[in-house]
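Following this line, the structures themselves.
Shared between the two complexes below is chain A, which pairs with chain B and chain C, respectively.
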Partner chain A sequence: MTAVEDPITTTAIGTPMKRREDPKLLAGEGKYVDDIHVVGQLWMGMVRSPLAHARITSIDTSAAEAAEGVHSVLTGPQLQEMGLWLAPLPCAWPVTEDMVNPPHYPTAIDEVHHVGEIVAVVLADSRYGAADAAEQVIVDYEPLDAVASIAAARDGSATAHSEHETNKAFHWPLVPDPDALEAAFANPAHHVKANFVQQRLIPAAMEPRGVLAVPSPMGGDVTLYSATQVPHILKVMIAATTGIPESKIRVVAPAVGGGFGAKLNINPDEILAVTLANRLGRAVRWTESRSEAAFSTHQGRGQLQTIELAADADGKLQGVRVHIDADMGAYMMLITPGVPLLGSFLYTGVYDVPAFGFTCDGYFTNLTPTDAYRGAGRPEASYAIERAMDILAAQVGIGPDEIRRRNYLAGGEYFENLEVPSTLVFDSGHYGPNLDRALELADYDGLRAEQARRRAAGESKQLGIGMVTYVEICGLAPSRALGGLSYGAGGWEHATVRLLPTGKAEVVSGSTPHGQGHETTWSQIVADKLGIPPEDVTVLHSDTAISPLGLDTYGSRSLAVGGVAIAAACDKVVEKAKQIAAHQMEASADDLEFAGGMFSVSGSPDQAMPIQAIAFGAFTAHNLPDGMEPNLQEQVTFDPTNFVFPFGTHVCAVEIDEDTGAVELLSYVAVDDCGNQINPMIVEGQVHGGIVQGVAQALFEEACYDEDGNLTNPSMMDYLVPSAADVPSMVTDYTVTPSTSNPLGVKGAGEAGTISSAAAVMNAVVDALSPYGVVDMDMPATPQRVWRTINEAKGGQA
Partner chain B sequence: MEVSVTVNGERRSADVEPRTLLVHFLRETLGLTGTNVGCDTSSCGACTIHVNGESAKSCTMFAVQADGAEITTIEGLASEDGELHPMQQAFMDCHGLQCGYCTPGMVMAATSLVAENPGGLDEAGVREGLEGNLCRCTGYHNIVKAVLSVGGAA
Partner chain C sequence: MIPAAFDYQVADSADAAIAALAEHGDDAKLLAGGHSLIPLMRFRLATPGVVVDIGRISDLSYINDGGDHVAIGAMTTHRAIETSELLATEAPLLRHVAGQVGDPQVRHRGTLGGSLAHGDPASDLPAALLAHGGVLVARGPGGEREIAASDFFTGFLETALAGDEIITEIRIPKAAGVGWSYQKFNRRAQDWAIVGAAVMLGDAPKVALVNMGSAPMRHSGVEAGLAGGGGADAASVAGDDTDPPEDLNADAEYRKHLARVLVGRGITEASG
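This part shows the complex of A and B:
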């Protein structure tokens, strides 16, 4: 039924093994960047613009320079004159040939383009000294009109960059068959047109970003410790940006405290730390404060979406047409313009849609740049189609479950390698049973009965039920596909697996964990493949000196690309070990079987050698086949031929107090399908966390800006990251539809929860408010917004 | 100013600037980097420790305010022979941590919460009791499970 070559029947894979990462993290031994100190280090402090758009007229550094413990104060123009870099910070994803990409240097030179942009840097011998000195730098600005929203950017009466005539950065279309699309919308029985706002979000990984650059002046090399998801990409980009030879750069991502996309960029502080450390011959460090992070780390989302559905009288989709205006912020960072494109392919969701069209306009604003945030384009897409499907269901007069059933790809039956109108080929899917299971677990009929009871009784606490069937595109990515989208790198992943003389294994992975438990998961794969205990496997990663090849962790790619590379490298190790075993046992390799770590001769079970003995034999090299290299080490760089497409159905219930507008999430059921699972405990943890991040977008979080481009809620006092008291426990279950894109049959689970939950919750909120005639409302559904919506709706009825 | 504290059973003294935050004193003066800093507004709880037996956010105290105090940090929770504290073990068993950054503060807050509720906690009690500690990875589900496994009502 599937292309899985190697059925998973062994012992470690598929078990909820406890994480080997945990004891040291639990004991406080996790070494994050801010925990690493070097004698003689200088603390960097940033002087940041308080204005969103302004011309710098003067900078007075004298008081700061005179302060005790201050090593130097360097303004943007001075840094530029020092020749520390060859090129601006990189944007690796020029989505169109004519994309506008204003130069983005680590510091502003004469004009600032968002609040928090760096205008000068202070170096001092203490944390507090650097902060004090930064306060003492006096900068005069001539304010310019700020572009503080997508609407203002479209309007264009002010431009975010003075030298630009418009704020538009690019126009990107994906309309595979324009005639078919036009025909679908010519005279549909049902036409839904909806506008959705994807508010800006602050990623807020619990560990703020930080850097420590340690130079070796005589050796000419530099080591950068950075709280990054992407040490390998960072190394390449430091070389390209600064001209420091790549061979002289080592990047280490030590313990990293969450990323969620916010740590996959190439940031001003990273370039400043490396270049200043090299120039000064002193280690340079910086850690963002939480309030600073709202400006020094990119934000997520920031889109205005218009989605149209054309459907026949039964609600069967005929076409989906989408336009989005995407807020780039002030600059193009590493993949800023590519984020909306990652979503573009998913606006038809899990549905059989004959005609599809998508266009995106990117706009500059004078706000913190946007870039990847958990899901990166895909939560936005999922939100739009799944909210719109509920609106269509209401128009057709059928339930949200029924509208989905009528439109599922392959009628909800199993499929594999199915081309969808957005030109992708979905690896595998089986949506019907997945929906059934979610409805059963949620007691959907019971919820509907309770909802009807409350409505009939006229209760003030309304019940709303929301559902979503999502699909995501992940396992980023086939390199050729990325090339076709003008992305500036590949999507492969590297693994090296070696057996040491004592029979222990080391696996070197280019994937870079920051909470996902890679060490545990990789050890499970290697243990089963080599037939050794998981505790005999050491996983090395996140340091370019140890793991020189890799493309890091984002886009739910680690297992579906990096894990597959590890499995393939193990297969090669076993193959080589078999040759040695055959030689030493004087048997034909074709007659050898390998199981449970033991090579044995078919039909002669007493003739056997454990793989550990082969490892020692490879080390001594006393008796190897002629010409064989004396090691037991193999490497694989795996470049997938297709993406993977996890899916699932989430059903939730909310209670809305019509007197206060408060929304309480009562229950949340998630039935996900990420193909085969290596460690179900870790998968479940990813699902939980992902769900709550989407719930946060639906109910709590929004980066709020005033019309001058000031962020009014940069601190955690004001930006509401939900606590344990704000969310319920969840019910999770799985269906298993193996991927056909890789031999492990695995998909991805890191972003799935976030891709589904915002729409599920908002579908529930709107469902609760539907008796008032409410058909949509914006996120976040705060008590104030809900209360106003109810009252406006009531007023409208009166 | 001279500050003397007993940290994890050991007497430690140092001369610090009066404005030194307790968390910076622990991390940078005493080298106890297990206690983390996640915000600058006393919102996230990553810096939670025990001061004289009660949980406290160490970013909200000056080191000088802790002069003479008995302090326990995450480094002092496991037994000397390396056995994890029951709360640490519960977090591991229940997968109550992912990136681990909020974990030291979360564990310290949780042990304190359980100690303050000898009659046992229900789920709502755990959720409300941990309101001052933020986690971005776990969605709290498994943290709550872990704490209930140690301090849940019978």
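This part shows the complex of A and C:
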């Protein structure tokens, strides 16, 4: 027993600590999949379909096989015959019982369904050799009519899969009270009906995807290094797809350079690498090129939305009715059909809406499959309701701030555990003060005055002001809720916390980072919970051999589920340590206090023991309470009872050059509320990146296809991902309304920016053009589109 | 994104480069900064059998006072031009335009000779050269010849340079005190121009357009209007006699509109 005069105190939570991950990454020392090489590895080169829809009539591999350094060339039918897999690539979210789900094998067998689908695989000694040989494989196709848009899919004169009679994959309704909905729309004072296009987006993570599968020299086992967000899910799915027992598969996600959802899938290359490595007994690898990524990695969005609002004379909402047609692309990937459903619950936004109805039709097209992309369904929902609210405000003749205030849940006052018409229970919210703060920071009145001045002066550069109050649903997810939505997995997260003999902590996280800074955030939680310095915390993750249990990172779930599991595991460690401390200090555990890493006896502060000493005592086990197991190690699997619902108000100003149609984003204010914050600097980073990704959808990005299903802008020269130079410095601030869904009171911050900013920017663009009677414009608001809209509105020649 | 196989040679002098071109003919490509050639090779739009690296010929990188002109070595980087003090007074348009090319990384690698030899109608520096009325010095097996900028750009990615010639020097007539402007319109800050306009006033005003035809071009109609004292009104014909490309950013009609707007702004700025 030692009496420590100067107890270590840490208050790491809430501190904007710099990310411990960054020095290595910034110095180019991060190990990504493509940096890992093993002796004897074979490179895969993919022969990909240049056509969106065609029958394969013949494949001639002879020239490629004869090329130097080529090990073998395997066509789709040959791979199929090898019996490498038991089942097609999985779709874990059959949203309806009768959902159509055409088999999706790693390689096409007789028909291709999108440009970029793999038809044959070359295995060669080098990457360049594999690419050269892949060019020499001669494939003959009989072209079939391609379905290259949702409109064409609906029209149905051609089907994306020739064996199908229609392109419809499913119909999914969420209409809790049809009678109430009908009544709301029977004779509303104001009726808004708007159609919005959610264009397809290419996720474009900084690091492209890549795989390296290494068979164990002992045989039987295989390690897959993959640029994935979901090593644990991937492991289960590889086992289910290939029949290789889970215990013989290890998945490692080394440094992963962003994902945005595009790395949460089970991809053809992953299955090919694992099964071929297993069969050949040689390591097999592949790294996608940037243009390959544009065709072969899943894309985001792709929806046609119709939203209707019914409101009374004052603009108070009576009902919201939504229908969307969603583009699945050629196949159902892991959660393709579930993405629109994730949004379904948010079409009433932050508003008090008595009646709500949502329907979604999913359609197949001959385009690259869609799936989760930052926000996954929720940016689309937020866009529709927030754009529609502006249209309603104009109809009612009040400002966009006023229409929102009149409709906020709980009148903008604080609420908790409030059921909304889409049947969810919002954990907590307090929208009024959040809006006030955003308007104040944006100098909203000043902006409006400047706008009026420019309009009066007839200046060629006009100002537009846009605002959004968003709510998002994240912290995915209560397992039971996922079950209710027919999702094929749970939503828990696992954590193990060990206090090692030297007093340092080791955390095993089931949640795996791909750029979010988990190591830093987790160390802050553990530091405070255990009363040790953050530097004394090591975080292990992203390797299923080290962290066998986990459900990974997506849906802004890491902190609200994984972080909570870690905090709970720490609590258990402290509880056990307290028993040991009481035993060793010959005091009652009830009389012990724990603060700053010290256990002390209430009333006699000189009787105290640091937790590090207890850790050593737990290790030696010389003097533990009777029956207690040695060591300080505890685990928790946390399954939340509710989602979390972060919210916020964003206000931006754009300047439109009427002579050229150029839109410049002048200012952007974001006041977010993600509950309690562990590391405000990391939150800030997430907010910034998220906002830019939504601005990108509003102003820059669109995956463009011609009518034959060819992507016409697959390179980074044509697919315009904005850089820091294209956005203003943002002003960010926060309100704090702790979540009631978890003991840390935290919500999510990873997707919030993207969920709000596209609508904020488009509201501003339309606001700028409203004097010309413009009420809507499709994204992206390119200069040409803006110029043409102004011309048409002015009645001039387009 | 993986280029086809090629042989790589280093030329340590202009003559060595010319000899390599003579030996391999059309199968050879010179590699300067590589910022146009390598992307083409990665997309397999260019598949040269031999790449001759002229990047180490250091005596082709200079900016010298040539009396009535400034002489710039072909291997001079955009960055060197952008920061040259001599050019700040004698050819401020060229200097400014060099600073508008891509991003700093591109400007540290890309060369003036490479940009001009590439002859891309969407690139910035050819327009600056045309507006300055510059001259290129080409050297081949038979010696050196001068080519006026206005004769140099002959078609899409085509120039008056012979297959066995190399650009060694670019001569820019001194233009201290002459009004100038460069208007570049793009969607992202560091992109290529959707349309660009270079304006040089003075005794014989010159106006060059970016991305308004298959090759970098001067616009004689606007120039005539300016020479006739038309001022910014001369811009009204900037879309005439052009054949702009159409792409996702802009169709021909919009490009012609932009040309009028940008030339008008350019003339106003240059006259200010």
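Observations on the model:
The rule is short, and it goes like this: the second predicted complex is superposed on the first by the 782 of 798 C-alpha atoms of A that agree within 3 Å, B and C clash if a C-alpha of one lies under 4 Å from a C-alpha of the other, contacts with A are read in each partner's own complex, and residues count from 1 in each chain.
Operating definition for what follows: contacts are C-beta pairs under 8 Å (C-beta built on N, C-alpha and C of every residue); 3 or more make two chains touch, one makes a residue touch a chain.
Here the structure is a predicted model, which means the values were calculated and not measured.
When the two structures are aligned on the shared chain, A:D659 is found in touch with chain C, with no touch to chain B.
Legend: residue contacts after superposition of the two complexes on their common chain; A:D34 is shown touching chain B, with no touch to chain C. Of the two partner chains placed by superposition, chain B and chain C are both touched by A:R127. In the superposed model, A:A582 lies in contact with neither chain B nor chain C.
In the superposition on chain A, A:S723 makes contact with both chain B and chain C. Look at A:L26: by the touch rule set out above, it reaches chain B but stays clear of chain C. In the superposed pair of complexes, A:T782 makes contact with chain C only, with no contact to chain B. Once the two complexes are overlaid on the shared chain, A:S289 sits against chain B and chain C alike. Chain A is touched at more residues by one of its partners, and among chain B and chain C that partner is B.
In the superposition on chain A, contact is made by A:A205 with chain B only, not with chain C.
When both complexes are aligned on chain A by C-alpha atoms, chain A residues 127-128, 289-291, 715, 717, 723, 725 touch chain B in the first and chain C in the second.
On the side of chain C, the complex with chain A involves touching residues 1-2, 4-5, 43, 185, 187-192, 194, 247-251, 254, 257-258, 261. Against chain A, the residues of chain B that register as touching in their complex are 17, 19-20, 24, 27-28, 32-41, 43-44, 46, 73-75, 77-78, 84, 88, 91-93, 95, 97-104, 107, 123, 126-128, 130-145. Those residues of chain A whose C-beta lies close enough to touch chain B in the complex are 18-19, 21-23, 25-32, 34-35, 37, 127-128, 204-208, 255-258, 260, 289-291, 514-517, 681-682, 684-685, 688-693, 715-717, 721, 723-725, 727, 729-730, 753. Those residues of chain A that touch chain C in the complex are listed here as 127-128, 131-132, 135, 289-292, 659-660, 662, 700, 704, 712-713, 715, 717-718, 720, 722-723, 725-726, 782-784, 787-788.
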